[in-house]
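The structures considered in this document are given below.
Each of the two complexes below includes chain A, the first together with chain B, the second together with chain C.
For the complex of A and B:
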């Protein structure tokens, strides 16, 4: 592995993305809208009492943390890698003695930093205005951080394997749009997972999407039992392993396909 | 001893291409039952390129030039045959192989679009593990050779096509590749820049003994840079040898340019001209003819005898014309 080269690439990509910061600020703002809408709807519904065990303040906390986690874990790899395969820029990647994962990671990390420059001040401002309530333990805080890291890994690997479909399917980005909708419904964005009814909640617990966004937020904000936390981490790691495995297998197959048919 | 040349044996590539008729019905049918056709892009090729040689791969569009280059760089897996480049099999894409080659694609840039070229060069230096001071001195050297110091700090997207190609060359040569593949390096550039780039490539080859394999549609590129050409047509190697020998491959011809002292039409072709003579163009007092080499003397005599000739030049056909005839005939 060529870590020095990879790091330099990440830095340079960041420079080039900073040129477009206003574009990314708008994009980041767009991603904040759906959870913010949910925030206002739920906190209004809760009123002065509580709803499904959540008070108004807890809804605000849940969604403000969710906005942050969503930005940190949002993987753009699915869009960037897909474009690179479609546009044929992949040839340049393949001619370099540098693992392709760095090329994908470079835009990922570069973007992350640019987004957070925007999201953190906006989040803080909203926190001052909306006065969230939070009660958590240091252990849950640490666990939540760990879960956020895994969530990012899962979303990245998941996005990566979807993007690699572009080797075979010309408009694989339609899958990405579908995936974004599934994330919206099943990740805890439209409603916190513990508030979902019966079978819907069971489905959400099994699908990977909760472990991409909602799970780390729940650890911090919602009083999950130890058993529920353990189950969550197990599910998260299982999905992460599946996504990594899928990415690796499809990448090898995709490159083989690409070198058979030409870019 | 280390293997230090490019050796290609029976290299071929067949594409498996989906086919379908025009129309809605056919498009639905192709969804369920795609029909494939095997298209041979490159038929078995054999050649050897020695270290330090500069060779041009020429042929019309779709002849298989880019397919061949892509196989040599490991981007495309051959359907069969062997490639040995300085001891490496390109398909394996080993880091040591990738460090010893470079490819310039005339129509695709590897520069990061929004940052100055200098930043991109330093990223490449890191990717190829070139120490900082060494990278600085190599960049300086290449920048001097290409006279491009003033563009180093502008974002790439603000550069002209020619300036971008200069950056592309620096980026490709920073790690001092032993083999340089150039795919249409002068595409779309003005004459001035084309000349400068040719001069640069030549100088680089002399300085570092790099092996260069290039494709180009500009004959000037090839005449200036390569003493040897590989001519590919319909995926087959038609000619491998000196550029000057190409004219001899087809029936040798001469071009005759005549300036008359007064306007004097010769249309249609007068019967005193030899059988092989053809009038290429006729404009006012200027007459341009093509004639088989063996009848050139007779043709010249006939022209002098029958027309008020003020000036007459007999010359070899430009390479473009030769190549064009080969492309049109399809065989030799």
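For the complex of A and C:
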């Protein structure tokens, strides 16, 4: 594989994205709002006491970290790749002497950096205003970083296989809307997973969505037991493997099926 | 009368356009239901942990959600699509097509408000109404005729405020054709899903006095659940008329600023 070309592409894409930074800042602002609303709702509900074992300060910490993790792991690739297939611009990707994954990765990484330039200062400002409480150990911090990395991989691969359904289905973006709803409920965004009731919590633990956002946050903010952390990593890696496998198989099949329209 | 007839014609042409994309009906139906399920589930999860959110219980918060859904459905039905045809890259003010809109022998503000109808939003309108009615039947004493009347007045005031905000921001496009206020507004509008009272003081002031989206949903919901009465309703009616006049003034000033564009 042509790795040097791949890195050059990543750099070039980053520069071109920075030209449109105000546009991406607006997008990043929009993605921050749902977790921030949840932050306000839960800290209002907790009041001066605690709710389900969590104090107001802990809710604030949970959601501020979640805003950051959500931004790091958010895979916009699942929107763009679908459009590229539908509109036929995929041709440009296929003609370059690079693996197509670099094309997706380059916009992914470029986006990440641009978004984080916006989100980190805003997050710090919110942290100063809202005064989160945090107690964590260095080990949990490192584990949480590792989990975030896997979470990003999982969300990317998962988004990718959903996006390339566009090879076969014209309105594959409906699946993405469904996926966004599932993420909102089951990833720990609407409420921390430990606060979900009964069967909802069990479903959340099995579905992949918790391992895309909530799990790294829980490691850092809540005192998860060793067993729970191990279980989480196992689930995360299993889903990652499934997503990568699905992406690869569907991509190979899809390329054979693909025929561009227009000119 | 002429204006009513024109609105009828606008609706008819929009309906004809919509009917060309019939498969979109199912996609819109899916989105509407997902939206509703996610929103209701979020409230059910929240009120599974607590009975009281700053004086709001499950049924009054559901009423608020109903109002939110109704107001945003009306926005998406015609105000949003009509105004958005002006704003943004490649849209009317940007590419100079606004010339043709100005030349029509009808009041320009009327035309840019009622031109385009997205009839699938009627699904959301229906679902919002259903949520509202359901939540009202949940409460032990149902509202009397006066409360219903006040509620309708408050709802109309809320919609007028929303229209005025959108129109004012649209007017800014004449000074800066490329900016993305709708997205920023969409993000802020999401804060109106929950009662104003749960937010920290700074956010509350912002949502009441600067971009008054909090008022749009909170006050009608308070009226129908009997938490507030006539004086407040008349106050926001007056405020909405004032905002409407201000936005219209700003828009007409903006039109004077308009100088066409060409290729």
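General observations
Operating definition for what follows: the second predicted complex is superposed on the first by the 258 of 263 C-alpha atoms of A that agree within 3 Å, B and C clash if a C-alpha of one lies under 4 Å from a C-alpha of the other, contacts with A are read in each partner's own complex, and residues count from 1 in each chain.
One rule holds in what follows: a residue touches a chain if its C-beta (ideal position, glycine included) is under 8 Å from a C-beta of that chain, and two chains touch if they have at least 3 such contacts.
Since the model is a prediction, treat every value here as computed from it, not as a measurement.
In the superposed pair of complexes, A:259 makes contact with chain B only, with no contact to chain C.
Once chain A of one complex is fitted onto chain A of the other, the partner contacts of A:5 are limited to chain B, with no touch recorded for chain C.
Contact with neither chain B nor chain C is seen for A:141 once the two complexes are overlaid on the shared chain.
Shared contact residues on chain A (touching chain B in one structure, chain C in the other): none found. In the complex of the two chains, the chain B residues touching chain A come out as 15-16, 67, 70, 73-77, 91, 93, 95-96, 98-99, 101-103, 105, 108, 110, 112-115, 119-120, 122-123, 125-129, 155.
Residue ranges on chain C touching chain A, taken from their complex, read 23-24, 27, 30-31, 34-35, 37-38, 41-42, 45-46, 48-50, 53-54, 180, 183-184, 186-188, 190-191, 193-194, 197-200, 202-203.
Of all residues in chain A, those touching chain C in their complex are 22-23, 26-27, 29-30, 32-34, 37, 40-42, 44-45, 51-52, 129-130, 170-171, 174, 177-178, 181, 184-185, 190-191, 195-197, 200. Within the complex formed with chain B, the residues of chain A that make contact are 2, 4-5, 7-9, 11-13, 15-17, 19-20, 88-89, 91-92, 94-98, 256, 259-263.
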